[in-house]
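Down below are the structures I want you to see.
Two complexes follow with subunit A in common, the first pairing it with subunit B and the second with subunit C.
Right, the complex of A and B next:
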């Protein structure tokens, strides 16, 4: 019947979206494996990419009928880029000063603490409406775009510091991943600003407001393609970079 | 004294009549409960027919009626207000094989929003 769990999942049955989610699931698993099995220095970066997978998985979550669950997915998405940026910044400091502090557990516990805080925040506030969920998504995308630009610059600097090391090239891989994510999230943000995203269109349609989307059909189609393909390419780059680091760290005896 | 009693009765009627006018009338009970079609304005009659004919292929009419009357969605226990009703409509539009056209979903959601508004006027 139409209300089966399968229908609750993949609410927008777009093959490219499903391929993208599958790629991010693989990227998430590889990142988590890398995060658990490596030095403290890598925890924030890899765990951040794992959280990005959680943030993206709302499209296959059968609990999306609870608006709070979708909002939590977007919170995970924001937290993931903050964690990745924190990790990249830590690595940059490590390159310059060779100083590293804190424990892996601290990163995991702090992340869990922030997620619990946001869950409480959402619980004490009104149940998010489709508009509120869209606002969360816009904020998440804006933060992603800004921090990706900052991370590309930091990756460049780390690469310049580690040019002679075997893992230096890996940071070029991360820089490419951030550039792709910037286009992915940036195109999504662009759509949302003009209400051309699917949720924005649906909100307009249900409320009976006029949307000038037909006049810009080509731009909208083009941005949909950018979102789909850059998302897939970014996840593949993340997987490739993590596998490259795994191989390099194994061959160099686990030195960061 | 008579005048005072008459005035009080008239005042009570004046207060009571408008509030009674906005009560969402239902017919039947239990699983067979449904909105009284006579309260639905002409512009929403077509949507009402769609609601009773098509929405009930997946769930009972009681789920819709109780959600509107209690202000709480019967399955998810989330609040059921105008915005949340729109959310249900959007989710429905994205589901496959619902047997409902896009414009039918939009019209049914507008009927639901009208019913929610009427209930809140009480």
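Right, the complex of A and C next:
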């Protein structure tokens, strides 16, 4: 595995990444459309996917040379999965108790508040080093993996409640998406734990330490494949699920 | 029913709506009325006999079989019939004091003979006895089809009252003929003279105001109970219709929203206070808004939501439950 220059290491114009970011963009826009005129729990889910698009846009963001910017991308990424999980959980509660309560403004205000807090936090503290950025990423990936596992179970239960309606299949799509994201982020986390990721390798080499990556080259290569393909599949699944919801929304209007 | 000579009719078949029994007796007493007042109801009649404004007798009879009542019981029956009946009429006939006395005898006099076969008595001797003893009263001769009455004062005939006539006549008419018919019977009722009759005023003995008040209160209680029963029936009917309407609306929610639709409807209906919220569109508005909110969560298109709302509105309007 070759090392990369720190300043350019995030500017990777990989075609798969371009497709991925486009899928996240479409999913984000459709999600925002759903959040308009709907209850709070769809706002949480939709706004969460929109923030996910923001979080993943570091792949094409020219300002990522500033470590503060990439740190905020990771914050957006974590916030997105937390919002999505919050919305999924509220939807599960709705299926059980039929309670629809809360204001959308609360979601917007809380999200803005958290983003502002972390921005201030980053500004107050020293400029994050590559090692600090990597730590942020490890935390983000760990949160993603845990919440994806929880969301898969919740989506399964929601699907069982809404089995007879068209929207139930949408939540099955979400479950598949979360499973793919779990593998995607999980593989990345696995790499980061053993410092097989590019940044981890660079830190090792710069510090002059020995990394036994060559003894596990196949595994490392396999995890890179998982990251690449599950990432793109997850983004395509999410956009497919959102387009399915959009189609249901449009087509259910004409039926009697 | 009793047939009595009409004398001089002051009122005939006047409706009883709005009339108060104490007022009627008070006016007749004040006017020193002499005659009788005839109340006729669907299956009952009551006769009040006045002599110079004093109520000397009253009699009530309901139906054919029960015996007639007099005194306090008759007055109580009259009060009850006036307050509860819708078809009662009153007739007031003025008579001479002597005839009134005979009417009193007929209603409540002492019966010397009752249903006595004419063939078994010496009618001439009987009539002589009436004359000799200066009796006051009423002699009634009748068969199954015919009737004739002779009124006596101090042993002398006052007048004759025959079938088909409404006034007192001075000639015997058919009475002799009826007496000769096979199976003819005789009743003779005697009473005291007019002066002695006037000494007893039943209005002084019977507390008419209290009887009237009790009758009115009973009527009000009966009407109240009837009203409550009717309201209860209406309430029950309304409940049934509301339950049916709730079922229809639930079915509509399932049709437009799937299985979750009925659950959302049940829950929101309970939140809105039960199926009473379906009585009108105004009351159902919050429920429909909540259903719309739930439909959006289930990713139902706006036009489908609008159709659901229209269907529910039509169901509520068609049910017309108030």
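One rule holds in what follows: the second predicted complex is superposed on the first by the 234 of 256 C-alpha atoms of A that agree within 3 Å, B and C clash if a C-alpha of one lies under 4 Å from a C-alpha of the other, contacts with A are read in each partner's own complex, and residues count from 1 in each chain.
We adopt the following convention: contacts are C-beta pairs under 8 Å (C-beta built on N, C-alpha and C of every residue); 3 or more make two chains touch, one makes a residue touch a chain.
It should be emphasised that the depicted structure is a prediction, and the values quoted were computed from it without experimental measurement.
Once chain A of one complex is fitted onto chain A of the other, the partner contacts of A:161 are limited to subunit C, with no touch recorded for subunit B.
Once the two complexes are overlaid on the shared chain, A:131 sits against subunit B while remaining clear of subunit C. Once chain A of one complex is fitted onto chain A of the other, the partner contacts of A:91 are limited to subunit C, with no touch recorded for subunit B.
Using the contact criterion defined above for the overlaid structures, shared-chain residue A:199 touches subunit B, although it does not reach subunit C.
Of the two partner chains, subunit C is the only one touched by A:100; subunit B is not. Contacts of A:251 after superposition: subunit C is touched, whereas subunit B is not reached. Looking at the shared chain after the overlay, A:208 reaches subunit B, while subunit C stays out of its contact range.
On the side of subunit A, the complex with subunit C involves touching residues 37-39, 41-42, 91, 94-95, 98, 100, 161-162, 164-167, 170, 245, 248-256. Residue ranges of subunit C in contact with subunit A, taken from their complex: 257-260, 263-264, 267-268, 290, 293-294, 296-304, 307. Contacts from subunit B toward subunit A in the complex involve residues 58-59, 75-76, 78-79, 83-84, 86-87, 89-91, 93-99, 102, 106, 109-110.
Contact residues of subunit A toward subunit B in the complex are 1-3, 7-8, 11-13, 64-67, 126-127, 129-131, 199, 202-203, 205-208.
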